[in-house]
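First chain A sits with chain B, and in the next complex the same chain sits with chain C.
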Partner chain A sequence: MPPSLPDFSNSVRLKYVKLGYQYLVNHILTLTLLPIMAAIFVEVLSMGPEGMLNLWRSLQFDLVQILCCSFLIIFIATFYFMSKPRSIFLVDYACFKPPITCRVPFATFMEHSRLILKDKPKSVEFQMRILERSGLGEETCLPPAIHYIPPTPNMEAARGEAELVIFSAMDSLFEKTGLKPKDIDILIVNCSLFSPTPSLSAMVINKYKLRSNIKSFNLSGMGCSAGLISIDLARDLLQVHPNSNAVIVSTEIITPNYYQGNERAMLLPNCLFRMGGAAILLTNRRSERRRAKYRLVHVVRTHKGADDKAFRCVFEEEDKEGKVGISLSKDLMAIAGEALKSNITTIGPLVLPASEQLLFLLTLIGRKIFNPKWKPYIPDFRQAFEHFCIHAGGRAVIDELQKNLQLSAEHVEASRMTLHRFGNTSSSSLWYELSYIEAKGRMKKGDRVWQIAFGSGFKCNSAVWKCNRTIKTPINGPWADCIDRYPVHIPEVVKL
Partner chain B sequence: MAENEIMYVCKRTVVSTKPVQPGKHHPLSVLDRHMEKNHLRVVCYYKGPRGQEEAGEITKRLRESLSEVLTHFPIMTGRLIQNDKGHWMIKCNDAGVRMVEARAKGNVEDWLGSVDRGRELMLVHWEDMYYKPYFWSTFYVQVTEFEEGGLAIGLSCIHLLADPTCATMFIKAWADTTLPRKMLAPPFFDPLPPRRPGNTIPNHKPYTALIDHYNFSLHNSNPSTVAKHTTITLSFSDHMVQACMDMTQSSTATPNKPSPSPFEALAGLFWVCISKVKSLRNGLLNMSICLDARKVLGLHKAFFGNCMIYNKVHSDGLEEHKLSQAARAIGEVVAKMDSEGIMDLIEWLEQNESPISPLMNSCDLICSNLEVVDIHSSEFIEKLRPIQVSYYVESVFGIGQVLIFPAPPGEGPLGRVAMVTLPEDEVIKLCEDELLLQFSPTILMGVNRTHA
Partner chain C sequence: MVFTKVDQDLVYGIKLSSVGPGRVTGSDVVHDLSGMDIAMKLHYVKGLYFFSSQAAKGLTLPRFKEAVFECCCDFYYTSGRLRRSESGRPYIKCNDCGARFIEAHCDMTIDECLEMKGFYFDLQKLLVSQQVIGPELTFSPPVLIQFTQFKCGGISLGLSWAHLLGDAFSAANFMNRWGQIMAAVGSNNTPANLQYKSNTHDHERSKNPPPVHDEPLSLKWVDPVGDHWIVSNNCRMDTFSFHITASQLATLHSEISAGRNRNDQVPIFETICAIIWKCIAKVKLGEETAQARTVTICKSDPRKPTKGFVTNTQTISSVTLDSSVTETDPKRLVTLLVNEAVDERIRMEEVVERDDGVSDFIVYGANLTFVDLEEADLYGFELNGYKPDLVYCTVNGVGDEGAVFVLPAGPEGSGQTNGGGGRMVTIIFKENLVPELKTELAKKGLGQGGGHDLT
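Presenting the complex of A and B:
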C-alpha cells in the first residue's frame, strides 16, 4: 500500500473527530436540554391526565400572586426590549468608479517618476522595485493633477478631486437607495490627509442642500481605518436618535499628498495609493429592515498608540529638503501583527463558536500552567465568518494576515483583486472588496462578513456584518464591467 | 508679442482606455528606419462653434476621445528600444503620448491672417529624442483653444514611426471617435510584405534608379546648416491648377501622352521657379520627388508605417524654364516607380543597412506628393471641417522642400496647397517670380519680417 493512503485516512479521521467535537461543543445547550425535555415528557406521560390535574390543583394560586407575577413578567419584558440596542442596518452603499481616462499604467508612472526625479536614479529604481512587487494592476487611477508633468498638486485641484469622488459616490448612492437628500439626519465624512475649511462634510451639505439641523461630522487624520471609525460613530449616534438615516462618505484625496522629494520611506505611498471613495447609508428605521443588505453586528476598535514605536510607525513629516511626506517605518508589519492580535483577542469571544473558544482557553491554561512551549492555538476564524474583507493596504499586509489567520486563497481573493484593480484606496478599499464579493454572487442571506482595517496611530479596527438578504447578480457597481475578468493571477514580480 | 499670445496650460500624458497586453513588440521596417532623423508636424485649424461651450470643454472632450482612439494604436503609446541587431523597434508598453493644452488670444481667423512659420510651430509641441529614448514619447499632441472662437490641433511625431499619410489617418480616426461615429478604417500594423516568390519575372531588369538614388543619399548626407529656412503656404485654386496642367501640355510633341497630374504640373512649376530663384545658369536644380507607395505596392490604405519613396528626377537635357519638359520628366519618373522597382529597393536596403541613418532631404530639393491624405474629412465638431491644414517634414537641411496636398473641398477637386521651405531670401524672391504669379496663388502663410 502506498504510504499516502494511511495519511489520507488519518486526516479524514481527524477531520471527523474535529467536526464531531465542534458539533458537540457548539450545540451543548441543545444537547443537554434535549434529554431533560425527553425525561420530563416521559414523566408526564407516565403520570397520566389525572396526575396532571392533581398537581395543578395543589399549587393554590390566588389572584394577587397571579397579578404580581404577570406584572413582573411584563416589566422584565419591557425593560429588556427598551434596553436592547437598536439594530443598525446598512441599506446600500456605492463605490466611486474612477473615469478610465485617469488610468495610470506602470510604464506611465515610471516615466513620470523619471522625468520628475531626473537626477535621482536610485529613488527611481526603488520606486520601480516597489511597483513590480506591489500587486497593483494596469488599471488603477490617479487624479488628473498628478498626470501633469510636473504634477500640480494645488488646493484647487485637491478640491476638484474631492468634488469628483464624493459627489459621484453620493449621486450613485441616491440612485441606488432612492434616498432624498432631505432625509439625511447624520452625515459623516472621513478623509485623512485633506482637510480644508470649510470641511468636506460642509461641501456635501452645500452641494445637496441638506437640512439645517443635520448632524455632520468630519474625521481627518485618522488613517486608513477611519472608515470603520465612522461606522462606529454612526452606530453610536443612531442609538441616540431614533428613526434616522446616516450617510458615511469614506475617501482619501490623493492630490495634495503626492510626495515630490526623494526620501525612500516616503516614496512608498506614491506607488500604492490611488483614487477611490465610497458612500454608505446606515439606518435604524424598522421599515428598512426588509430591503437592507446587511446588519451591523459588532465593531471592535483597538488602539496601540500608547506604545511609542506604534505611534511613530506611520508618520507624516518633512524630509531634509522640507517636502512633506508620510514616512513608513521598517517595523510596520510587526506592529500590524501586534495590533491584529490585540484586536482578535477582543473580537474572538464575540464571534467565535464555543468549540473554538474552549480550545483556545484550554491551550491558554495549558501554556500558563503546564508547558509554555506549547504552540498558541490560533482560533479558526473561518468558522465564524464566511467572507473576509482585509484592507488592501499592500501585498505584504494581505500576505501577513492570510498567514496569521490561516485563510485560504479564496478568502483573501476579494482583497487581492481590489488591490490589483483599484490600488490602495485607503478607507474605502473595504467597500470595493465587499462589492467584489457581491458581484461574484457569493453573498447569501445569513453570511457573516469580517472587515479589518489598519491605520496610522497605530490602530486596528474590525466590523462584523451579517447579510440580511441574498444579493443577486449582476449588480451595478465599480466591478460591473470587469468582474468577468477576475480573479486574475498576480505574479510575484511584474517585469517592468 | 508672440510669447504672450499663447499660454501653455499644462502638459500631461494621455493613455489608452484599455491596457495593452504586456510583452508585445512591433518591429520597424527598413523604410521606417531610414527616416529616423526626421520628424513630422501637422496643424489643423477649426472654426469654433459660436460661444456654446466654456473654455476647456472642447479640450476635455478631445482628451477623452484621444484616450479611446489610442486603444487602437498601441504602437503610438509604446516606446523605442533597440533589438539585438541594434535596430529600433517599438515595445508596446502602454506608456501613452504627451498632450499639451494651450490657450491663445483672439480668434482663429485673425491668427491665420497673420501667421508665419515661427508662430505656427508654437501650435505643435515637439521634443527631440532624449539620450535615453525609453522615456521619450514618440508622439505629441497639442490642443490650442482660441479665446474668441476656434481650435488648432497639432500633432508631431518622429518620422521613424509614421509618414504624413498615417499621421492623417490617426487624426481622422481621432475625429471620428470624438463625434460619436464609428472609426471607419482601423489601422493595419503588419510589416511591409515581402516579395511573393511567384512574382519574380525571369530576366527581370531591376529598376536601379531608386537604388542608385538611395545609395547616393546614404553617402552624401551632409546637412548644410548655413541658411535659415522659412516656410510659406501657397494655395492654388482649381482652375489655376487646371491652367498649369494645360500649360505643361501645350507644347508637347506627342498628343497621345496622358495629361500630367496636378502634382506633376505643380512640382514642375516649383522646380522651374526655384531653379530661377537660385540663379542657376545651367539647367535645373537637383530634385527628388517623394511619393506614397501604398497603392503601388498593393497595401491597404490604412497601412500604418512609412511608405513614402524618394526618387531623383534627372535634369540633364532639359532646358531651363521649360515647364512642360520639367513636368514631363517628373511624370516619367513617377510612372517608373512601380511595385517591382520598390520591392528591389526594399530588398537592397535590407541587405545594405548602414548603422547611421541618412538624412533623405539633405542634398536635393524635395517635392513630396501628399495627395493621398484626406485631412479635410476630419471633423472633430459636428459639420466643422478644418479651415486650414499645414504639414511640416522637419528638418530641412538641403536646398529646400515643397509639400503638395489637397486644398479644402470648397476650392474644387483640383485645388492644391503647397508648403515651400527655402532660405528666407529665396522665398521672398519666389513670391515675386513671374511664372509663379501667373497662377495667382493665394499666400495663406507668408514671411513675417518682424520675426527673425
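Presenting the complex of A and C:
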C-alpha cells in the first residue's frame, strides 16, 4: 500500500499553504468571475445612463431576431431540464431489530460448538480464536433454528426466519413513512443464499397484498454488496417510471446456510454472520423532496470477476463430507484492496474537489515523466465526505480500509460499532451503520455519506448520498435502547 | 396401564437448546459463592410441575421460552458457568451462557403417567434432566429445564437446579417468577429489581448455644470428586412418595397430643418427622450409634431476606437424641425437634472456609435429613390462572443415610384428591430396607390412601 505523505506535511506552515491552495483551486470559477464582473460594473458606471441607452439603440434588433432568440433559449432550457436525470430520494429506511430470544452470547456459542463438534477439538479451538478476535459483541443474534444442539435448519425454519426479518422491517418502514402497500410501484428483494420458489419478493407481495402491476425483482447470489446493487437497479427503474415509489429489502437468511461440517475455512462465516435485515423506501416523486432524508448522488459498481483469483476467493462448495459451506480464501484482503482501488479510481473524479484531483494528476504526471520513485498521492477522501459506512464484513476489512483511506477512528466508528452490536449482517449492515450515525445525532443537512460494500464475485460497490435535512435523533430504531452505551472500546482479543 | 420397567422411548423427540438472559449482564460480572453454597455443591434440587391441558391452553413453546429469557435477566447468576479461582475455590462467572432447555414429547396422558407404578423413581427421571455438573466444570449448566408435552395437551416442566445456586425455596422463586412473566407477557412489566445480596454474614445466632464439640454434625466430608460433582453412594438408594390427607394428619395429631393441653399447637412437620424417624429407627435396628441418633433438619429461615437474591438461606440444624429412638415417646421426639434443634450454619461455613471451599462435602444424607418444604411456594406458578396439578420436589445426590421431604399438597381444586391441608412426603432411603420401611409406615396408617399408589 502506498505510504502516507512525509512527516513535514504536519508542520503548521504547510497546512496553511495546503488550505490556501485548496480554497484557490476549488473556487477558481468564482475567483475569476468576480474580477470580470467588477470590471464590467466599473465600465458601466463610467459610461453613465446615456451611454447605456446609446449602446442599446445601436444594437438593431427586429422582431424576428428577438423571437428566434427567445425560442432558442426556451428550447435549450426545456431540453436541459428534460434530459436531466430524475433526482432519487431516500424517504426513510427501517432496520430489523432481532427479539431477545435470538441473542447469542460468546459463551453460549462456544458451548454449543463444543457439544456439536465434540470429536473435533481443533475446530472448536479455531472457532474460539476467531470469535475472540472478531470484533463482535455479546448481543448479536442468530435465528431460532440455529440455537438447537445440533442446529435444525430446514426449509420451514428458513421461511420462518425470512418472514420474521422481512415483515418486521417492512412493518417498521410502513409505520415510519406512512406508506400504503398499494402505493409501492417497484419492489426489489435481495437475499444472497436463500432463494425459494416462489421468491421472497413474491412472499412480500402475498403478505401485504401489493398491486398486480407491481415491478418486482428478486436478486440472489450476489453476496454482501447486493444491497447497493439493488439501489442501483431501483435508481435505473425510477428513471424510466415517473412518479413512483420503490421499496428495497436487503437481508441475509442464515438458517439454511449454517455450516455443519468442520472444515476450518468454512467455519469462519458461522462465527461472523448474524441475523439482520433492512427495508428502504426510494422515490422520484417531487412531493417527497421536503421530507426525504437523503438524495442519491452516485452509485459506482466495480466487478473483478474477470480475474480468476478474485472469482474464487469467496466460494460456496461442498467439503470432503459433502456438507455445503462458503470457503474464504487466504488472499481475500489483498483482493479486497485491489477492488477498492479500482472503485475509488472511478469514484474519485466524481466526488473529489478539484484541488485533490489536480494534486493527484500532477503527482501522476510527475511519476510518469520525472521520477517514478515519487510516492503516489492518495487523495484525501475526508474532503469529499463527512460520513463513511464501510460494510461490517469483519474486523480485518474495516482495519484495511481505515488504513488505505487514512480514516480516523471516528470515521470508522459506525462500522466497528455495528459489527460489535449486530455482527456481520451482510447487505443490511450499511443501513445499521447509517442508523448509528443518525442515532448519535451527527447527520446534518448537506452532509455527504459514502457507503462501500464488498461481495463475492469479487465486487466492490459504492453509493454516495447527500443528506437532505438535519435528522433528529430517532426515538425508535435498532440502536434506540443501546446507543448510550456506544462507542465501546473493543479489545484486540476478548477473554472468553 | 401398568409397566414393570419404564420404557426409555416413552419420552422422545428430545431437542436441546440454551436460554439465557435477554439483556447483556455486563463483562466480568462474578457471583461469589458463600461457604453454605459450596457445602451444597454436590446436591441438585429437582422440581417437576404438571399442568393440565386447560392450564396450558393457548400457550406455545416460544412463549414459554421468551418468558425464560426475561426471567434469566433477573436471575442472571443462574445463567453463568463455574470457574475456579487460583486457590481452587469455585465461583460463578456470569457470562450469560444460559440454562439448558430440553424439549420433549410423551405419548401418554398426564394421568396415565402419574398412575404408573415406578413413576416417582423411573419416569420422573425422564421428565427432569439428571445431568450433573462436570466433568467439565466450565461448560456445565447449573440449571436445566425440560418442557414435555403430553398426549392430552398437558405439559410438565422439569427443573434441575444446582443446590449451590440456592435451596428449594429459591428454585421455587425462580419458577414463580417465570410464571409471573408468562402472565404478563405482552404488557410492560418492570423487572423484579433483584440485586445480589451477600448472605454469608446475616445469620443470627440461634437461641441455643453451640455444643462443646467443634465439628458440625450436618456436614460430612466425602472423597474428592474433582470437577465431576456427583455423590457416590455405598449402596443403591430408592425413592418413594405418598400422600398424607388432612384427615390422616388429624389422626396423627390426636395421637401425639393425647394428654397434652388442647391449646398447644403441635407442628405438623415435626409430627410427621417424629413418626417417620421412629419407623426408620425400627428398620435400622442394630445400627444404633450416636450418629444414628442424630438427624438434620432443613427448614425455611423466617429471617431470610424477602428481596434480593435468595440463595442458600434455609436453616440447617441437627438434633441428637441421648437415648434410643425406638424407645423414645413420639411426643418427646416432637418436643426435641422443635426445641433442641441446633442451627449449625455458622460452624458449617467455618469448616468450608478452612480450606477456601476446595474440599467436597455433603449435607443431605450425611445424617438422616428431614426437609421442610411446606413454606416453599411450590404452587405459586400459575398458567392462565390455573395452579399446577401436582408439584413434585426432591433433591438428588443424597448420601447414604437418606432424606425425607415434606411438601405441601396442592391447594383445593388443584386436581389432587387430597388437596387442601394435606402433605406429600418423599423418602429417599437404602433400597434394601425400603420394603420393611413401607411396612412400618403402613402400621402407622401412612402410605395408603391419597390419590396414588404407594410406589
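We take it that the second predicted complex is superposed on the first by the 484 of 496 C-alpha atoms of A that agree within 3 Å, B and C clash if a C-alpha of one lies under 4 Å from a C-alpha of the other, contacts with A are read in each partner's own complex, and residues count from 1 in each chain.
By our rule, contacts are C-beta pairs under 8 Å (C-beta built on N, C-alpha and C of every residue); 3 or more make two chains touch, one makes a residue touch a chain.
Note that the structure is predicted; figures quoted are calculated from it, not measured.
S.K.: What does the overlay on chain A give for chain B and chain C, a clash or a fit?
M.R.: By the criteria stated at the top, chain C and chain B clash after superposition.
S.K.: Quick check on the superposed pair: does A:I100 touch chain B, chain C, both, or neither? Answer first, second, both or neither.
M.R.: Both partners, chain B and chain C.
S.K.: State whether A:T345 touches chain B only (first), chain C only (second), both chains, or neither.
M.R.: Neither partner.
S.K.: Report for A:T108: first if it touches chain B alone, second if chain C alone, otherwise both or neither.
M.R.: both
S.K.: Name the contact category of A:E138: first (chain B only), second (chain C only), both, or neither.
M.R.: After superposition on chain A, A:E138 lies in contact with both partners, chain B and chain C.
S.K.: Look at A:Y148 in the shared chain and tell me whether it touches chain B only, chain C only, both, or neither; answer first, second, both or neither.
M.R.: A:Y148 sits against chain B and chain C alike.
S.K.: Taking the two structures together, which residues of chain A meet both chain B and chain C?
M.R.: 100-101, 103, 105-108, 111-112, 114-115, 137-139, 144, 147-149, 152.
S.K.: Can you name the residues of chain B that touch chain A in the complex?
M.R.: Listed in rising order, the residues of chain B that touch chain A are 10-15, 17, 19-20, 22, 63-64, 67, 79, 93-96, 98, 135.
S.K.: Under the touch definition given earlier, write down the residues of chain C that touch chain A in their complex.
M.R.: Per the stated touch rule, the residues are 15-20, 22-24, 27, 62, 65-66, 69-70, 81, 95-98, 139.
S.K.: For a test of understanding, state which residues of chain A touch chain B in their complex under the given definition.
M.R.: 100-101, 103-108, 110-112, 114-115, 137-139, 144, 147-149, 152, 494
S.K.: Please give the residue numbers of chain A that touch chain C in the complex, ascending.
M.R.: Per the stated touch rule, the residues are 99-101, 103, 105-108, 111-112, 114-115, 137-139, 144, 147-149, 152, 496.
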